[in-house]
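There are structures below to look over.
One chain, chain A, appears in both complexes that follow, with chain B as partner in the first and chain C in the second.
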Partner chain A sequence: MSVVRIGILFFAKTRELAGISRGTFTVNSVVIGSDLLNQLSQFFGLNSVRDSLMLALNERYINLNEELSLCEGDEIAIIPPISGG
Partner chain B sequence: MDNLSLQKQDIEELRSEIAKLRAALYTKEQQLQDLEQLHAQQSGNDPDSAVVQQEHEEKAEVHTHLTNDDIARFSRQLILPGFGVQGQLKLKNSAVLIVGMGGLGCPAAQYLAAAGCGRLGLVDYDIVERNNFHRQTLHSEKKEGMSKVDSARIALLELNSSCQIKCHTRLLNSLNAFSVLRAYDVILDCSDNVPTRYLLNDACVMLGKPLVSGSALKMDGQLTVYNYGADGPCYRCIYPVPPPPEAVTNCGDGGVLGAITGTIGALQALEAIKVIVGLGEVLAGRLLIYDGFSNLFRNIKIRSKRPNCHICSAEPLIRDLIDYELFCGMHATDKDNPLQLLEPEQRLNVFEYQELQSAPHLLLDVRQPAEFEICQLPSAVNMPLAEILDDSYVKRFSSQLESKEFPIVVLCRRGNDSQIAVQHMRNRYPDHSIRDVIGGLHAWSNKVDNGFPIY
Partner chain C sequence: MDYLKLLNNEKINILDIQSLLSNESCGASAIFVGTTRDTFEDKKVILLEYEAYDSMALNEMANICSEIRLRWPSLKNIVIYHRLGAVPICEASVVIACSAPHRQEALDSVGYAVNQLKSRVPIWKKEIYENEPIGTWKINKECPWPTNKHRPASWYNFNYCKFTNNLKTNSEKIVQIGVTDSEFKKRVESFVKRKRVEINTNNIMDFKELHNNLMDKGVSYALDASCARAQTVLLKQQNSKCLLKVHRVKNRIGPQLQMNYLLEMHKLIKKQDQISDHTKNQINLKSRLQIIESYMGLIASDRDNLLLRLKNIENQILFYESSSPEYKHFCNNFLDHKSRLIANSTKKTCQATELGEFIQAIKLSLSTGSSAATKSQSSE
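Right after this comes the complex of A and B.
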């Protein structure tokens, strides 16, 4: 199985927790959504908000049950809900 | 103290006393409203359904033409392709409910009233405070202490006197949500807390109403339209599980820039107008993410309805409104809930700390540097909570930590973070004299030094 390097975008709370607004991550090119979320939460320190995060791959929502085929340079956005107003 | 400054102090004290009395009055009024409503529901005589009835009768009186004043007033939008006379008439015959008259609700209401929306409903239980002015642009200085919906109504009628505005001065809950929402075509979620977001979502799904949802915090914003169109998801489809309370930041703690809430609120008005008029592509099935730091807008294609969604699927598990504060483990306001983590002997009140001030001690202020810069007590050392929790304090204060007797006092804005810090430090140093200040700097300002700024 090949390994790819993908770009990660952080929004709102996850930007604070990760301490960066964008980063890169190396992962197996074929991965289940929830597995990717676990790895990202672990690596970037997002465990406290893991269950309420939404992931998007190249600006498309990821269903956590789905198997993803990632390519080099793909972009994952990590989006927590915001509730303020 | 001279006579003038004594007078000034009296004025300040009276002002704050009046504001507190007003707040207490509003709370009582709301309790009364809710009790009356419960009573009426249980005795089968719901006053709000009478109101709904009346509003439906008003609705029967459909506007079929524009007046000369309408034409002159709305000429710049009447000539827009796709909007036109028919669009203006749809707006004139529409009813929009705005939940939350804060940073999002003010600009949203302002653009809807100005654009000629016929009927607006405003929901908020809160009163106008000075820290609202920087972003809640319908509330002006003279209205401090007034209920937010009354204040907003006055400002909106100045913009457009023919807009019919109904005030709902109450906290929305499972008991009153249906009767409040029922009379409106589109609902705007301009609220500031998680339980209200789930409540509005579930009520809108059950009533089949589109929900224009906006939110903002710090420099970030989000916007989407839920429950719109055959495939349009609801809030629960996207966020089935509420975030843990400790991961939720409100504007009072995290801060927010008025231009951010203004941007999102104005866009909520735009989406409401598009839904009503049938103009353009409504932002359903897409989530707009706004990053004000780099001024980037991103459109994320979100999922369609979740087949097993607890509320909007064909076989919903939730068939009636639930207790949303219980479900989320949070209160339906953005006000702070005081934590109770420490034992009484691990805490000092502000007077006890005042006595300790002249003796040798270490005062750790665990607020963010930006907050520390606003105001601080003499000799306080800024050590943000994160640096307590990652143990960087251990090295930095090694000499003070050598003795178990040396008093270490931890301080924050309201006495919550300071408890978290003390708890963490006491795990490592159980027998040291490490205590926090009850009520933090707010208590200091209220009880010891009225001249100390509150933010």
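Right after this comes the complex of A and C.
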């Protein structure tokens, strides 16, 4: 199984907790959505809000129960609960 | 046309939007304007800040546009503007507007689009309150995640589930548990699991005869307490970790397998039948029948055979009729006395006393002379 380097975007609460708005992460190219979220929460210090987070891959929401096939340079956005409007 | 924009530190001009919407074929424009409130749960809001995942937000807005165009094909122009950055109180933070030939489509589509925007466009709002330097990131109630169990307490509207005071009266039955949701869920699950294991064990106890191993150790086991009909002795197989060998199966016989079960059941059902409504009548009829029989001098050979008894009575009546035809006429006329008077029957009937007098008269005439005899013959 190959390993890929992906870009990570942080917003709102997660940006404040991680202290950055953009980062990179190295992960297996095939991974379950919730596993990826666990790894990211662990790595960027988001465990306290982990259960309220959603992920978007290249600007599309993903289903956390499904398997992702990631490519080098993919962009994962960590999306806390939204409050637009 | 779809007009989508994220505005940074720039006011939304409603007049501009109105001109964007206008179209000669449109009779209706619906404009929703979301403005910033100055209070939240009695706290005074002094500033609001919006932040967005710009590229994805614009994508999602475009998706919403194509969705509502699919649902309301008559829509002409759609405008979705959202402000970002600091927005002072009472200013418009979002505008969603649609124009259409008729008002229904315009109004419906705007309402739908507002809900969609609140539930999927990645924009975040932070409220900064008076006397609270650290702001709070808000959560739209339309946001599909996180699922309920992880939502903060402030998210719930407790007015929907009011607590009543009867909790206090049952206090000995209620335990207050101060744990997190996940811990509470875990405890409930393990309780359910333990109960399941308990039930399963009891089922196996029922099924197995503990006689052999437990009785020896002085543990009494009430067989009658078990509802299992088959009891087995299970032995662990040698060289196997899981397979159990059935050593003996003892089937306890249920009532339906007993020898004379059907016969007994039949009797029970028969008895049940006798306690029916007819019973009293039947007894009554039988006694009446018996009275008739004794009056007619009959003796029933089989008391339970009603048909035979009736037949005997009929035979007796026929016999009476054949030996004395007047008997029948007398009965008929006696029962039908009134109709006989009306019909003024021409047939002469004689009663036994008349016949007696008649015979006496004949005897007298035979002894005294022929004149009386001719007189009596004319009356016949």
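Throughout what follows, the second predicted complex is superposed on the first by the 81 of 85 C-alpha atoms of A that agree within 3 Å, B and C clash if a C-alpha of one lies under 4 Å from a C-alpha of the other, contacts with A are read in each partner's own complex, and residues count from 1 in each chain.
Everything that follows uses one rule, which is that a contact is a pair of C-beta atoms (placed from the backbone, for glycine too) under 8 Å apart; a residue touches a chain by one contact, two chains touch by 3 or more.
As the structure is a prediction and not an experimental result, all values here were calculated from the model.
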| item | value |
| --- | --- |
| Clash-or-fit label for the pair chain B, chain C on chain A | clash |
| Touching partner for A:Val4 - first (chain B), second (chain C), both, neither | neither |
| Partner chain in contact with A:Tyr61 - chain B first, chain C second, else both or neither | both |
| Partner chain(s) touched by A:Ser83 [first = chain B, second = chain C, both, neither] | both |
| Touched partner set for A:Ile32, first chain B, second chain C, both or neither | neither |
| Touching partner for A:Asp51 - first (chain B), second (chain C), both, neither | both |
| Which of chain B and chain C A:Lys13 touches, first, second, both or neither | both |
| Intersection of chain A interface sets (partners chain B, chain C) | 11-13, 51-52, 54, 56, 59-61, 77, 79-85 |
| Complex interface listing, chain B residues touching chain A | 100, 102-105, 190-194, 197, 214-218, 220-222, 238-239, 241-244, 246-251, 254, 256, 261, 287, 289, 291, 293-294, 298-303, 334 |
| Contact footprint of chain B on chain A as seen in their complex | 11-13, 21, 48-49, 51-52, 54, 56, 59-61, 63, 77, 79-85 |
| Residues of chain A defined as touching chain C within the complex | 9, 11-13, 15, 51-54, 56, 59-61, 77, 79-85 |
| Contacting residues of chain C [partner chain A, same complex] | 34, 50-53, 55-57, 59, 82, 93-94, 114, 117-126, 137-140, 143, 145-146, 150-151 |
